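Just so it is clear, A, B and C label the chains in written order, and each chain counts residues from 1 on its own.
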Amino acid sequence: MQGNYLAKRIGQALLTFFATVTLTFVLYQMMPGGPEQALRNQILSQQMGSSNTINPEQIEQLVENYTNLESDAPIYVQYYQYMSSVFLEFDLGESLYSEDTVTSLLAERLPWSMLISVYAMVIGYSVSIVLGAVMAFKEKSRFDSVSSVVVIGLNSTPYYVAGILFIFFFSIRNNVFPTGGRYGLGIEPGFNPAFMQSIALHAALPILSMSVLGLGTALTMRGNSVRVLGEDYLRVAELRGLRNSRIATQYVGRNAILPMYTQFMIGIAGVLSSSVIVEEIFSYPGVGLLVYDAIQVRNYPVLMGSLIVFTLVTIVAILIADLTYGFIDPRISSGGNNE
Amino acid sequence: MSNERPDDDLETLFDADIDREPTPRSQRLKRQFDLYVVAPARVAMTDWRAVLGTAIIAMYVLMGTVGVWLVDRPTSGDAPTLVPPFQNPNYILGTDTFGQPIGAQLIHATPDMFRMVFAGAVVSIGFAALVGVLSGFLRGSKIDTILMSITDIIITIPGLPLVIVLIAIFQPGDPYVIGVLLGLDNWPGLARTVRSQVLSIREESYVEASQIMGISTGTILRRDVLAQLMPYITVNAALASRRIIFESVGLYFLGILPFTTLNWGVMMNIAYEGNALSKPSMYHFLAFPLLTIFLMSFGLVLFSQGMDSVFNVRLRARHSSTIDDDGGPEP
Amino acid sequence: MSNSDTIVEVRDLNVTFEMNRGQSRVVRDADLDVARNETLGIIGESGSGKSMLASSFLNAVVEPGVSTGEVTYHPDDGEPVSVLDLSESELNRFRWEEIAMVFQGAMSSFNPVTTIRTHFRETLQDHNRDIPAGMDRARELLESVYLDPDRILDSYAHELSGGMKQRALIALSLVLEPDVLVLDEPTAALDLLMQRSIVTLLRDLQAEYDLTLVFITHDLPLLTKLADRIAVMYAFNIVEIGTTDDLLYNASHPYTRALLDTTPDLNVPVEEMNIIEGSKPDPVDHIPGCSYHPRCPMADERCRSDDPPMMTVSNSHESACFYYDEADDAVTISAAPETRPASGQSAATDGGEN
């Protein structure tokens, strides 16, 4: 039963990844005039400014390098080559206008994006869970209604608006946090306190503005907690004279958080999505900014590569969620049914 | 407003299967209207969030219809540049760096916003309802498996990067097209919700009874299931709208969407690029679009929250059951 | 049954809820003595306040309900405990150690995400008991409710049947060796066979562990098989109390008699007792005089204006009716035996076990 479930989940994850890579192939094909035409135009328009010219054969060769697509080959051969280079060689193509491969560009940027995304998620969700639980315990009190309005208000604030406001108040009006970058100039990278502190200072505002995304969860948590508080097992736990701390964590907390667990992990897709806008606002050089820069010059290989990598991160997160869910909710692992 | 749309559609659906029932059409319609429109509306009136949310949304609808007609479309040089707000009664919200009144820009950006939201909401809600209902009713079949696999795949792909790639390829300028593109990544979550709702509704006895009575699946689907799903669809339409506003304004703000139209995001972009954050004379140029977006999504979130608690029987059940446990008044 | 050995003493108990349309009083000036080691049954229609009365034994009325008055617990040795005056931490210690309660939601009384073992362990831990010794006792208890400890302890609630959950909960309720066990409709969701086996089980447990049982139900036939004494509740107060035989053969309150009359065969449980004519009282209303007078065939001016106190019928039997000695003529019970058997337990009980 368990092994079966594991195999099924991993199979699903692989299928999803396969489908995503196929999707990027389809997107290449959907470009006006096909991929080679689109890229050729792109390259030619870039060449206009400079003095050196490239002959058509060279362009042909470049297009193939950039995208792993051999333009004269029949479409199924192209598809096979594209897929095999992604899956067998981990080759996502080459960036236009620079010598770097897309894989190396992404590998360099991804840790920085993950840093702010993961922290943003952890902070956003922790605050939501605690707030939602307290709101439920004090249901219908003044604290509950005021917090509800505040949460709805924050939930109505787009994260980029939050970002702009944070920059305004914390960077321009009061010089608490820097407005952009990953770490300060002239600080030597490495495991030294100054570098760490600089990273934290630079990441603080992007993390804060992305964590606004998770705050809507507070209302979900509140609803779930209210429901659990009305359950019979909670009343029995009180009758049993259990400690309040145990009731709050093992009974209310655990049962209220459970339904949201998978949602948290899917949430990483949302947070990664938001990084494109947030990283641009804070000029934070992660994958998001890479995407932003790529779109300005129609650097398609980088765009497609980022899409693949973003999806990969999400797939892994969901896979972890699925596989660990059985440990925290016995009803799933014994039934093996994830309806 | 897009939220009212599904109701209208539903009414026409009810119209269609009229011959099955002996009751006269007018009476039946009236009853349906009472059940699905008047009753929820009456309950909604008791929830302040639903009332305030509806009021805010109505204000924007007015802005996008009557407002556009009352206020002239702004052009550059209409007025002196960077007039501060609340100084000149002709430009209450002040003017921007090109001398365009900010209030008029905000108003004239509204219709395109609604077009986008409408297209996006219709696409995402329509897709979700179609996939969810179909998959729920054909539970366990091949079609169900395939539909759910597709849903799972799309749920996994981060929405904004996908939309960005699509925009980069297609360069859309038409608000309807932008709305559809933004709606594309929006449906899978709701489709799953709809499916599980359909599954639980199917378990309920009256659906079973209808099946035994020989009423066709299609009729059950129209009459019972869609009616039961209305709460989810209403709440989610509001949330989908909010998301489409967030994303489209965000993309305009970044300059990723081409500036073919007036948009709150475009205004923010121009202001932000003009370094409005460090120039007090430009504060209002950035602040009013921000406020406009905030208020609109505040209205949508309030509306969805309000409707959610109106529809949420579970929450209400708990409140009444605390008294009813024993010794309380019988229901 | 001597009154000198009282274990729980209830005086002037009121349970009130503040509601939009006024104060709802769901228990009104109730007095009750529970004797040590007896089985006291409390019977009443749903909505008569019986669950609220029982919950007050542990000061556990659901919020926003408030219990006022006196509930005194007399332990075997030591000072009497005023339950309603206990602080939160004192109350946490008192519950389950002195008085445990199993209530009607037993089907979902267990935390769905932890094993039954965890339920026992955390209960022992939070009451600062010795865990290995306590777990040994838990196994013993599970065996005495006919469950296999090895299997049950590692199970989750969703893996057990309704009857198993109910029995596991009874075992859990006894793990801290309480003196009193309050059971609020513990068999309501079970089938007849399971109901009967739980009743037999409770009787065995009572003998084995020196328990005082307070059993709340609206199932009169079930109660007659188990209870030494029965208290009848109507409209938020006790209207008659006596030994099971007193009530069965000499019911002295018109309501009790009407109840018995609507229970034609005491061996067949009646699920709903709403068959008595007239409507149930509303807890927000204040009824002048006797609360039963709107439905009582004997009611006169006195009943409409004065609230009858508990009148002594015999030394073990009290009834809140001015005309307790005339009730048997005014309200006839068609199916009941006319005379009580000469000795021993009630005929109904014996009949039920055959």
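As a convention for this text, a contact is a pair of C-beta atoms (placed from the backbone, for glycine too) under 8 Å apart; a residue touches a chain by one contact, two chains touch by 3 or more.
Just so it is clear, the model here is predicted, and its values are computed rather than measured.
Among the chains in view, B has its Cα centre nearest the centre of the complete protein Cα set. Two chain pairs, A-B and A-C, are weighed by contacting C-beta pairs, with A-B ahead.
Rounded to a whole number, the gap between the C-alpha centres of chain B and chain C is 53 angstrom. Between the Cα centres of chain A and chain B there is a gap of 24 Å. Rounded to whole angstrom, the centroid-to-centroid distance between chain A and chain C, based on C-alpha atoms, equals 57 Å.
Multi-chain contact residues of chain C (touching two or more other chains): 62.
Multi-chain contact residues of chain B (touching two or more other chains) are listed as 322. Not a single residue position of chain A touches two or more of the other chains. Within the complex, the chain A residues that touch chain C are 231-233, 235-243, 246, 250-251, 254-255, 258, 328-331, 334.
Those residues of chain C lying in contact with chain A across their complex are 58, 60, 62, 91-97, 100-101, 103, 105-115, 122-123, 126-127, 156, 158-159, 169, 172. Against chain A, the residues of chain B that register as touching in their complex are 49, 149, 152-153, 155-162, 164-169, 196, 199, 242, 246, 249-250, 253-254, 256, 268, 272, 277-278, 286, 290, 293-295, 297-298, 300-302, 305, 312, 314-315, 318, 321-322. Of all residues in chain A, only 12, 15-16, 19-20, 23-24, 27, 30-32, 152-153, 155-158, 160-161, 164-165, 167-168, 172, 219, 223, 226-227, 229-230, 266, 269-270, 272-274, 276-277, 280, 291-292, 295, 298, 300, 303-304, 306-307, 310-311, 314-315, 318, 339 touch chain B in the complex they form.
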